[in-house]
Amino acid sequence: MGMVGGGRDAFIGAVHRMAAWLDGKIDLVAGAFSSNPEKSKLSGSDLSIDPKRVYASYQAMVEEEAKLPAGERIDFVSIVTPNHVHFPVAKAFLEGGFNVVCDKPMTFNLEEALVLRDLVKKTAKVFALTHNYTGYPMVKEAREMVRRGDLGKILKVVAEYPQGWLLNPIDAEGQKQASWRTNPEQAGASSCIGDIGTHAENLGRYITGLEIEELCADFTTFIEGRRLEDDGNLLLHYQGGARGVLYASQISAGEENDVNIRVYGTKASLEWHQEYPDNLTVKYPDAPRRMFRRGNAYVSDTAKRFTRLPFGHPEAFIEAFANIYGEAARGIEAEVSGQALPKELDFPTVDDGVKGMAFIAAAVQSAKNGGVWTKMPKT
Amino acid sequence: MGMVGGGRDAFIGAVHRMAAWLDGKIDLVAGAFSSNPEKSKLSGSDLSIDPKRVYASYQAMVEEEAKLPAGERIDFVSIVTPNHVHFPVAKAFLEGGFNVVCDKPMTFNLEEALVLRDLVKKTAKVFALTHNYTGYPMVKEAREMVRRGDLGKILKVVAEYPQGWLLNPIDAEGQKQASWRTNPEQAGASSCIGDIGTHAENLGRYITGLEIEELCADFTTFIEGRRLEDDGNLLLHYQGGARGVLYASQISAGEENDVNIRVYGTKASLEWHQEYPDNLTVKYPDAPRRMFRRGNAYVSDTAKRFTRLPFGHPEAFIEAFANIYGEAARGIEAEVSGQALPKELDFPTVDDGVKGMAFIAAAVQSAKNGGVWTKMPKT
Amino acid sequence: MGMVGGGRDAFIGAVHRMAAWLDGKIDLVAGAFSSNPEKSKLSGSDLSIDPKRVYASYQAMVEEEAKLPAGERIDFVSIVTPNHVHFPVAKAFLEGGFNVVCDKPMTFNLEEALVLRDLVKKTAKVFALTHNYTGYPMVKEAREMVRRGDLGKILKVVAEYPQGWLLNPIDAEGQKQASWRTNPEQAGASSCIGDIGTHAENLGRYITGLEIEELCADFTTFIEGRRLEDDGNLLLHYQGGARGVLYASQISAGEENDVNIRVYGTKASLEWHQEYPDNLTVKYPDAPRRMFRRGNAYVSDTAKRFTRLPFGHPEAFIEAFANIYGEAARGIEAEVSGQALPKELDFPTVDDGVKGMAFIAAAVQSAKNGGVWTKMPKT
Amino acid sequence: MGMVGGGRDAFIGAVHRMAAWLDGKIDLVAGAFSSNPEKSKLSGSDLSIDPKRVYASYQAMVEEEAKLPAGERIDFVSIVTPNHVHFPVAKAFLEGGFNVVCDKPMTFNLEEALVLRDLVKKTAKVFALTHNYTGYPMVKEAREMVRRGDLGKILKVVAEYPQGWLLNPIDAEGQKQASWRTNPEQAGASSCIGDIGTHAENLGRYITGLEIEELCADFTTFIEGRRLEDDGNLLLHYQGGARGVLYASQISAGEENDVNIRVYGTKASLEWHQEYPDNLTVKYPDAPRRMFRRGNAYVSDTAKRFTRLPFGHPEAFIEAFANIYGEAARGIEAEVSGQALPKELDFPTVDDGVKGMAFIAAAVQSAKNGGVWTKMPKT
């Protein structure tokens, strides 16, 4: 694979690389690691990439890689830049004939997302979006439970993503991650909901299959001078009558990354926390609570397919991320060799990205209008 | 004490009695245990009450008890009836010269609450409302932390009270507790928020001291034929800018009574769950999480004052309830003996009841209007 | 009831009183609260006991109470003194015709225990020993599980009782509780194993029904100058081949009172912690873990019989203690009224006390001999 | 690197490979993956290894790899065979001039371990033993705490490694992992203590630095026909007076791999569980419990050095394993390039392996002699 972004002081690029490397099937062989050509070169050197394939810009990368013979050029690009660059890079590589793995949120705004969707359909390339939390085996188990009807009809979803890292104005003090994530020119119309609320939304949709019909959003910017919201609380109405509570926060002191979800059905409810990802708790009205644990013989074949270690030897974030990469790679391998894609591929697609951007757009609109109930835009 | 309500198949009456008995300072000596005189008599017999003081009605009880000499008549009445009877009973006993301990929600509606408040002021009797969760030592510790400024300025409060006991239409099937709690003639304008959401509201206010300015409420009745909501999700704006998420549910499969709260400040956050009431977790942006445990030397004098056992020997619901009774009894003892009330009495008062009823009223109004933001009524 | 011990600065006396009062069926009407007559008098006054029935010594108490008419005198005595006084007081009251509730360990040594057992049989009085942890509903549920065969054949038991309160030489500094509990003249031949290890042993025997065949004990006194061990670690061989690990400690920094037990069978294992007493976790080789919670419809009738509150409203230490009192009271009520004892009485008896003293004796002997495997004495 | 063992139906080989690949710095380029040459070939093909470097035996591998030019031949071998083959393979590669990473227990018996130690010293090659639990950042944090004196003087260590996977006679039924691990010809003199008890021992020594002086071991074989113990419980005396309880079990129903440790000192105690490896709990006699979490700014530089992800994004087993590989690789890189080894290398060495084998030998001897206290052999 090749990589765009992910240079020396980036965060998520390193995660993508470990996810790609873990199973020994994906090599990193090319990159445009920074918009600063010098930094790109140094980063490439850190990673022992052949200097000829360390590019000064993503445009140069598309152009040069496309010139390489089929067996030598990259099979796909991994896009790990700030949000506003996702779309142009994805567009360039898709049009250049490459498959794409892209970090979330998919694009800068909904309009770009719709264009990108058309482009993916037109080029028939593989496009995978790294909503990585859906890569956890016990999240997949949760989805299986809902699909099998173990929970009955879903009545209510509570999804939370509390963080505390922006409790102080580190963006104003120049911390790089904080700066671009709170900058509307780079992050888009939302910070907190765009960066992490969208993970909670995606997680809920992945597990339950429910689509939001309308929502009511309350955004707050607690830190003076910050340009985007750092806390967002939402009430949701799902199609079909289920209800939802969803919140994300960047100013919740001492919270780390405990994205979590509870799903309540007519027969049972489930609960999952990413900080303890091997556990999936199910509660019943009239039977003891059950804790399902990754790696056991009793979990679904789906959960098993995404498991590397025996029970009790914990798997975690990188392994889940690698599951997204592994599925994308299965698709890309087929695409590159001109075969039909495997049927049961399980990774977030451009359609998930469109829905995520629509969710952000609706939330921003509701919040701007003082918290009125707002329909999800047609996509 | 005497009791109104709490007969044979009641639930909360038995709890009030254990709370009263626990410390060996309060005796139950009279009662009108049911609106059915025969049932009242049988219940009185179960409780070994002198049959002369088992009354056929609360009216008879006020009248007869008032005739007894000062040292013999009850010092206070405990009201444990369904909601719609709270007000007339409280009124009768206050006017009859008795102190009152009353279950929550305080009255049937806000109007009654305001009248009751005036009456309490006028009669200068002790009136204690059993928002029992505030009786837990670690809830008191949480309040002390906020008061001392350990959390800094409060930014956000998340309070939840999920239950699952009304997931099936047991009210329609005649289960007594379920029937009256979902009947607008007995419960008032709200079931879920009135019965348990108000506990969450009270808990948040007790710990943080914050008052709600406006709210947005989404009520749902999931069970067909049920007349009041069985799920309520709210967004809150507190005076001074803090934000809140509050929900209560009676249809959350497998949930028992885990009322819980998280309070986020500029310096730290705290978390408390009533199902594990001896623990109070505090999270910091830059230091290890701390778990404060009841009974340790390091907790505040306030928390210590409400503790009976050494650390590690758990205390729970009845002990917390008894703490409300204990404080009410301290006040009543002073009142009965004509002394000034102790200054630092710590139990929910008629003012808390008014605020609780105002909260219910605002939530009902918001929900009826489709989830519009609604100001708290002036009280 | 009457009480011997439990005066002003005692700890366990207050617990016994709350346990007795909780259900409104037992009154405290007499006592010899201290070996110091003046202190006994003051303690009686604190408790609003009729001064005539506050005695200067337990001997006086037996004598005077026995003179009272049947309906007026105490039905039983509760013995809450330091260990070395248990036997003479119990003997005096049994011989005086009274039923007895006694704190543990039952006696000063095994010899006294055997004598006491004979006396109980001879007098045919009720004798209840407050191994209070067996009063927890979920401990009873655990026993039911084992009895029903849910766990299969029991292979291994791990029981722990770690405390940290004697980590500093507070006994040498005169702290009353610490002083007598580490004084061989008052506590007996063991401190740590006698005071709390015996609870762990009793808990294991109650749940599993297994009897220890032989044991190997390693005692350590970590605090210089202390006269009895403050840490004891044991390996156990049960009759029938099961194995055990049991330890108790008073010098485990930061531990409170988390007596806990794990029982491993051929079909499943269970785990219970007294600091979270409403939970009982069961693990299976091939099925999700289950957490049984007190108060649910699915628990056994036995567990239900000892439950006061609905699920999710936690019960704890005092309620469990009150379950011992409640069962003892059922027996005593029958005895006093000349009826046969109910069949399914569920409280620790003089036989449990004998086994506990035998366990202490064997452990002390093993430890003294350098940790050699030692058979349990014949009793 | 090259690998010996780890063919198609092996377990630990795959773990070693992921650990090696994770950070993108180690490639697998050669192997003798099975004692069955055909299986070795197929396994090599699965792994896309150049067929020329897939060998029919480890002997062939040493010979052929040694012939390759310095820059082309493997830098080290990873030994992931059953225990009885560790020694001959390690010997062959060390003597052939290669560095070694070896799974545990290090050798078949203590005698081999002593020979191997001499050989490592003589050849001056890097030898790393994969006691992988010491690779967890919070285990390293625990060691730092002890070293800094945060816990005071260590009094007691409780280490457990319960598993349940051998509760049924799957070894007799031919399950490959179970068969060799319970076969004294392949596993050595102990199964349970050798396979997992030694991890608990190593973990305790790593964190506390304490050396065992003598021990008392109780071994049981619960499954009929099994040739080695499947449950082992030990009491420990450490040099300097600390006490220990250590047990391992393979027949504990429903237990997965929760190796865990509690260390009690005069100032504080700590607790760590591998199933929740990002948490490290510290308890104090007189202050709230603290939970240290991986990835926070407040942890030691040592813990930080072994961390890949921000707080709240969990790391787990593979990352810890990769930390051992990463440190070994740092040493090997220096060795291969003829430089001095970095000073602060942090991986288990041949000395740890010798101590582990001595521990196993002493435990086996004690158990064979009926649980007598047995001194650790001089090594």
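We just call them A, B, C and D in the order they show up, numbering each chain from 1.
Here is the rule we use: contacts are C-beta pairs under 8 Å (C-beta built on N, C-alpha and C of every residue); 3 or more make two chains touch, one makes a residue touch a chain.
The shown structure was predicted, so the numbers you read here are calculated from the model rather than taken from an experiment.
*Asks:* Determine, using the mean of C-alpha atoms as each chain's centre, which chain is farthest from chain D.
*Replies:* B
*Asks:* Between B-C and A-C, name the chain pair that shares the greater number of C-beta pairs in contact.
*Replies:* Of B-C and A-C, more C-beta pairs in contact link B-C.
*Asks:* Report the inter-chain centroid distance for chain C and chain D in whole angstrom, where each centroid is the mean of the CA atoms.
*Replies:* Averaging C-alpha atoms per chain gives centres 43 Å apart.
*Asks:* When the C-alpha atoms of chain A and chain C are each averaged to a single point, how far apart are the two points in Å?
*Replies:* The answer is 55 Å.
*Asks:* Averaging over Cα atoms per chain, report the distance between chain B and chain C in Å.
*Replies:* So the centre of chain B lies 35 Å away from the centre of chain C.
*Asks:* Could you say which residues in chain A touch two or more other chains, in rising order?
*Replies:* 255, 282, 289, 293
*Asks:* What residues of chain D sit close enough to touch chain A in their complex?
*Replies:* Interface residues on the chain D side: 11, 14-15, 17-18, 21-24, 28, 47, 163, 255-258, 274-278, 293, 295, 308-319.
*Asks:* Write out the stretch or stretches of chain C touching chain D in their complex.
*Replies:* By the definition above, chain C touches chain D via 151-152, 155-156, 158, 164, 167-168, 216, 218, 220, 222, 231, 233, 235, 237, 241, 243, 245, 247, 249, 251-255, 262, 264-269, 282-285, 289, 370-373.
*Asks:* If you look only at chain B, which of its residues touch chain D in the complex?
*Replies:* 282, 286-293, 296-298
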